[in-house]
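In what follows, structures are represented as structure tokens.
First chain A sits with chain B, and in the next complex the same chain sits with chain C.
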Partner chain A sequence: MKIKDFVIKALIGIAASFGIFSVFLLTQQQNPLVVYKTLIMCFVNNRYNVGEIAVKMTPVLLAGMAALIPAKVGLSNCGGEGQLIAGCLTANIVGVYICGNMPGAVGIPIMLLTAALAGMVWAAIPLFCKIRLNMNETLTTLLSNYVMYKFVSYMVFGPIKDVKGNNYPMSAKIAEQLRIPSFTGTRANFMIFVAIAAAILVWFVFAKTELGFKLRIIGGNERAALFAGYNVKRAQCISFLVAGAIAGFAGGVIMSSVEFQMRETTAHDLGFLGFLATGIAGGNAIISILTGLMLSALNVCGTSLEISTGLRSAASTILMSIILLTIFALGRRKRAQ
Partner chain B sequence: MMDLIENFLLNTVRSGTPIMFALMGDMIGQRAGHISLSVEGAMLTGCLVGFTTCYYTDSLLLAVLFAALAGAFVGFLQIHFNIRCGADMFALALAINYFCSAITNYFGASMVSKSIRGFSRIAIPGLSRIPVIGDAVFHQDILTYCSYLLPLVVGFVLFKTKLGVALRTAGEMHQVGVAYGYNIKRLKYGAVIAAGVLAAIGGVQLACAYTMTWTSDMSGGRGFIASALVILCSWKPKRAYMAAYLFGAAQSLQILFQLLAVPIPTNIVTMAPYVVTLVALAFISMNRNPSMPEELKKIGRPLEILN
Partner chain C sequence: MSDVIMKVKNLRKVFGDFVANDGISFEVEAGKIYALAGENGAGKSTLMKMLYGVYPIDGGELYLDGEKMEKYSPSVAREKGIGMVFQDFRLVPAFTALENIFLSTDNTGWMFHKNELRKRMKELSDRYSLHVNPDEVVWRLDLGQRQHIEILKVLMNDNTRILIFDEPTSVLSPNEIDAFLKLLTVFRDKGFAILLITHKIHEIVQVADVVHILRKGRLVYTFDDKETFSEKEIVAKMIGDEADGADSDLANVQAQFTGKEDVLGDGIDDKPLLMAKAITIKDDYGRPIIYNADFHVSAGMILGVAGISGNGQRELTEMLYGIRPLSAGKLALDGEDISACDTARRLELGMRILSEDPIRDNLVPEYTVLEHMAISGFPYKKKGPMIDWEELDERVSDCEEIRDLNVPDMPRQAEKLSGGNIQRMVFARAVIAHPKVFIASYPSRGLDIATVSAVHETLERLKAEGAAVIFISEDLNELFTMSDRLIVLSENSIFGPYKPREFDAQMIGEVMLKGVKE
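Our next item is the complex of A and B:
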């Protein structure tokens, strides 16, 4: 898919979705024009909100890569959500109990690396099921997400509950020096550039290098790859583990840059959004940057929508899902031309 | 002790029923060559639509009817965007689930903590007096009784009727179906819409008979579990009795452990349904799934590759 094609498709899709959403707004006794003005105004002259887009976009983009890399070699990883949360949880535990007294320059890398490792380990379970037992990895990864949700609930209600936290189900906060410094006036930090660079790197590897070509052959036609003498299973394993590590890393970034402590619903839905961002991008890493940006922006303005118009924040989720579905609906028409 | 076992069995059946509906629905879909993970969304929508209808009209028939319509719509979205628009099956399903979750969150906010009369349990005279299993099996709501028959009906339709042959052709090798003059597209539409309808009815049972409440995202992955259990059944309808109640049993462990005061944290026990499903799936996967519909083997290219 060419980027230009996609932009045209996305613009048509977004315009159509706004039309559909207007009908919904009218049924809810809201003036669509006022609502859309609010959506746009929340980014004008508002440094904080623009920063929030970057805050959301970092994990979404990284989780998107975690879905995209295995997809290129013929595996589907719907478990970015669980791997991301695994990373988040691990970063918190490491940050609170191990790196508490370390300086940031040592502690932050340790947190991020262990987070990546945790994501990798959590991805290894469905991978083992796929490679050794030939289980459907879509379903195993989806179900493993729910196991991770429950595990986090268990942890924050039990072992890692903050003793000074008035008995709320929350973990302790990581120390001040372990927090990634943010740009002034926002919660955003340089990790957004790392995420974008990662996406560009993924695109470059798959589009321009010999390795990427091999991997695409494996994903496109496993048999042809076998005849060509490629080690299919090994390539699939490595891709899947790398994907898990990226998702885990994203979790670590969330923990050390915005969340600082673990609650039951910390980092929920970000992995799914990442998966969907690459889903509508048709597996193109560069386009994922655009879709990730779009989804994050919509996610951010949901909150301002709730404050200024009194619509429940689920309303922006509805808008987001309508846009997703419309872009899916426009899929074939472009390809047929 | 006897009470405990009876209670456990009762909960096993009650929490197995929603899964049974979604499981049979998705089995029809998968036999026709389409894994519809959107049964999760259909079930969630069914929960809310059923619950709301129950709350405002007190009519159980209408609740099932409206929920079925909503489920049909979800199924239609899934198959239509997949076949007509060429969207990837899994990514699309997740987007639909996201949509269903958003819509139900929005409209369901006013339904939280409302209470309904819902389905009452009907005892079958005589049979419900059987010790141990009588109360669990023959003292249930009407939807559960329907779910007992469902695998038999689906099995009959799939394996004994012409429609069933056509459906399975769509899932095994659709070229043959085309050669025989079947309208494969229409069959697939029908199968996936049926999956949505059945899952939504399962949702009604969940919201209006089992829990009698509405909470946001209450389906909690049951649709995904149902999809996984289809594989556990090796695509054979009668094995659904085993699979659905295996899940039910795993779900009711929580209550059993609470009653027995077993010192395992609740959040660990609530993992059981997912873990049990995964482990059971691992065991069944060791014998290479000989009965997997051929068209399903071609899936697994989730995103557009080599663009």
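Our next item is the complex of A and C:
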């Protein structure tokens, strides 16, 4: 898919979706025009809300790469969610119990690296099941997400529960110096540029290098890669572990820039949003930046929709779903004759 | 005997322009085993599928109990007592044996009367020693047991009088085959009529009462007295003898070619480039498809590989190329033991392959023809981090093979190419790398006559350059004209090498069908 084609289709899709969503709004006794105006106005002259888009987009984009890279070598990683949360949890534990007294310049990199490592380990389990036991990785990665949810619950109710936290199921907060400084008036930080750069790098490797050319053969036809003498399993393993590390890193970023402490539902859904973002982008990393931006913006304006119109936040989920399905339908590949 | 159940007259079946069956007439009586023999593509399976109602009949008449069949379909066939056991089993792997049998019964009610069905299944399996656990899921059963289920499915129908088997023994191990053949005679003695398709001549001789020989869709000969036929005579009729076989492929070979002259001399066999010693290769089910066999090929030589398809051609090429492991034995290239080398190393050593199915094994749908040229070993230069496509395009387009073979234009996307174009692309890619060893599976398949002769010329050119060419084909004509030596895959072994000049179609036909050369 060309970027230009995508932008045109996305704009058509969004416009059509707003039309469909109007019907829903009318059934809720809301004036669609007022609602849409609210949606747009929430980003105008509102530094904080614009920052929130970046806050959401950073992990969404990185988790998107965690789905995209394995897809290029013929594997499906639906476990970005769990890998991201594994990173988030690990960054909290490392931040609270190990790096508590370290300066930020040392502590933050340690937290992010261990987070990446944790994501990689969490990805390694379904990878082992795939490569050695020949189990379907779509299912194992998907299920591993729910195992991670339960594991986080166990941790915040037990081992890492904050002793000074009035018995709430949440961990202690990481120290002040371990928090990545944010831009004034927002919760956003420079990591958004790291995420965008990562997406561009991924695009460059797959589209513009010999390595990417070879890797894409595996995704295109695994037997063709085998007949070309490539070590298919090795390439798949490395790609999958890199993907897990990126998702884990994204979790570390969330912990050290916005969450600071672990609760039961911390960082939920970000990994799934990332998976969606690349899915709609048709596996193109550059388009993923656009879809990630769109998903994050919809997510943020859902909150203001709730505040200003009294609609439930589920309403924004409906809008998001309509937009995604419409763009998906417009962007589907025409079947070869 | 006058127990005629089925009678066919001048049956005809056409697929487009292709006449699969024509002018076929015979009768089927109760209590007899009828064998159908013929080469690949002689029309045996088509004929059986017509008799079972799968294919509509395009001409001629079919009578059951003297009644002419008009609207014929598998359900009518079943009602009239015809049952068929297909070559590819039609079972649901996730269901148990009993559930699969339930699916096949013409059950009109809502209920699944499990106990009743189980009782009946047990009764039948005891009577015919068709042992299979009714509650085991099918995917856990081996192929022999799956076949038992298929037979039970047919027997569950009380009307069944005629049993049709399409290549039933191809999935069985040798001792299972003996048991199966005994079972056939039991069925016969119970009064069933049996129609049996098989490639294995000794099975026919063992059990058949009547043998029909099919060639090019026609019934060319019938042996109807058990005393009068032998393996040798059946083979002779299948491939056609001088008297009445002028239209057979094999007869053509005999008429036109006495085989390629041995220009290389006996000395060539002393310095093999690629040597396989005591090799055993397993198929996808883990059974040895080639067992303890030897062969070799020298530089500057085309080694033809003959054999009925499915006798290990694919497994052999995959093993040579390093895609399939060598279960036992040794493979050496130019004196170096490459038994355990991966494909990348074999490519480095100058081995190239045209696999039997380039679409499955080589095609990357989203890539262009040019991009395909960069895969599997044609040397390219880099420009920055990427392959220098312009330089590659220039060099590839300069190769005369690309022009001679009429390879599609470089910028075209592979997904949109026809099968013949893909064949050209993959073949050309292999030969422009000037391989030392070239494994060519069915290189002329699906190509027009002009391109076929370009393919043949290219193979000759490779040979002249000193390459060892392993040339697999089903077309004996082509094999006899191209090959310097011939080997035959048959009966889990490799026979030969034979010199085409000293060997005729009759002899190679015998080896293909029965293994040993008498």
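What we mean here is this: the second predicted complex is superposed on the first by the 331 of 337 C-alpha atoms of A that agree within 3 Å, B and C clash if a C-alpha of one lies under 4 Å from a C-alpha of the other, contacts with A are read in each partner's own complex, and residues count from 1 in each chain.
Heads up, the rule we're going with is that a residue touches a chain if its C-beta (ideal position, glycine included) is under 8 Å from a C-beta of that chain, and two chains touch if they have at least 3 such contacts.
Computed from a predicted model, the values in this text were never measured in an experiment.
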| item | value |
| --- | --- |
| Chain B versus chain C as contact partner of A:16, first or second or both or neither | neither |
| Which superposed partner A:286 touches (first chain B, second chain C, both, neither) | neither |
| First, second, both or neither for A:175, with chain B first and chain C second | neither |
| First, second, both or neither for A:220, with chain B first and chain C second | both |
| Partner chain(s) touched by A:314 [first = chain B, second = chain C, both, neither] | first |
| Which superposed partner A:133 touches (first chain B, second chain C, both, neither) | first |
| Which superposed partner A:210 touches (first chain B, second chain C, both, neither) | second |
| Doubly contacted residues of chain A, that is, touched by chain B and again by chain C | 216, 220 |
| Touch list for chain C against partner chain A, complex | 321-323, 342-347, 353, 355, 360-367, 371, 374-377, 382, 385-387, 415-416 |
| Residues of chain A that touch chain C when the two form their complex | 208-211, 213, 216-217, 220-221, 223-224, 226-231, 336-337 |
| Residues on chain B engaged by chain A in the complex (per definition of touch) | 35, 37, 77, 81, 84-88, 90-92, 94-96, 98-99, 101-103, 105-106, 109, 220-221, 224-225, 227-228, 231, 265, 267-268, 270-271, 274-275, 277-278, 281-282, 285-286, 288-289, 300-307 |
| Parts of chain A lying in touch with chain B, wherever the complex brings them together | 1, 67-68, 71-72, 74-76, 78, 129, 133-136, 138-140, 142-147, 150-151, 153-154, 157-158, 216, 219-220, 272, 275-276, 278-280, 282-284, 312, 314-315, 317-318, 320-322, 324-325, 328-333, 335 |
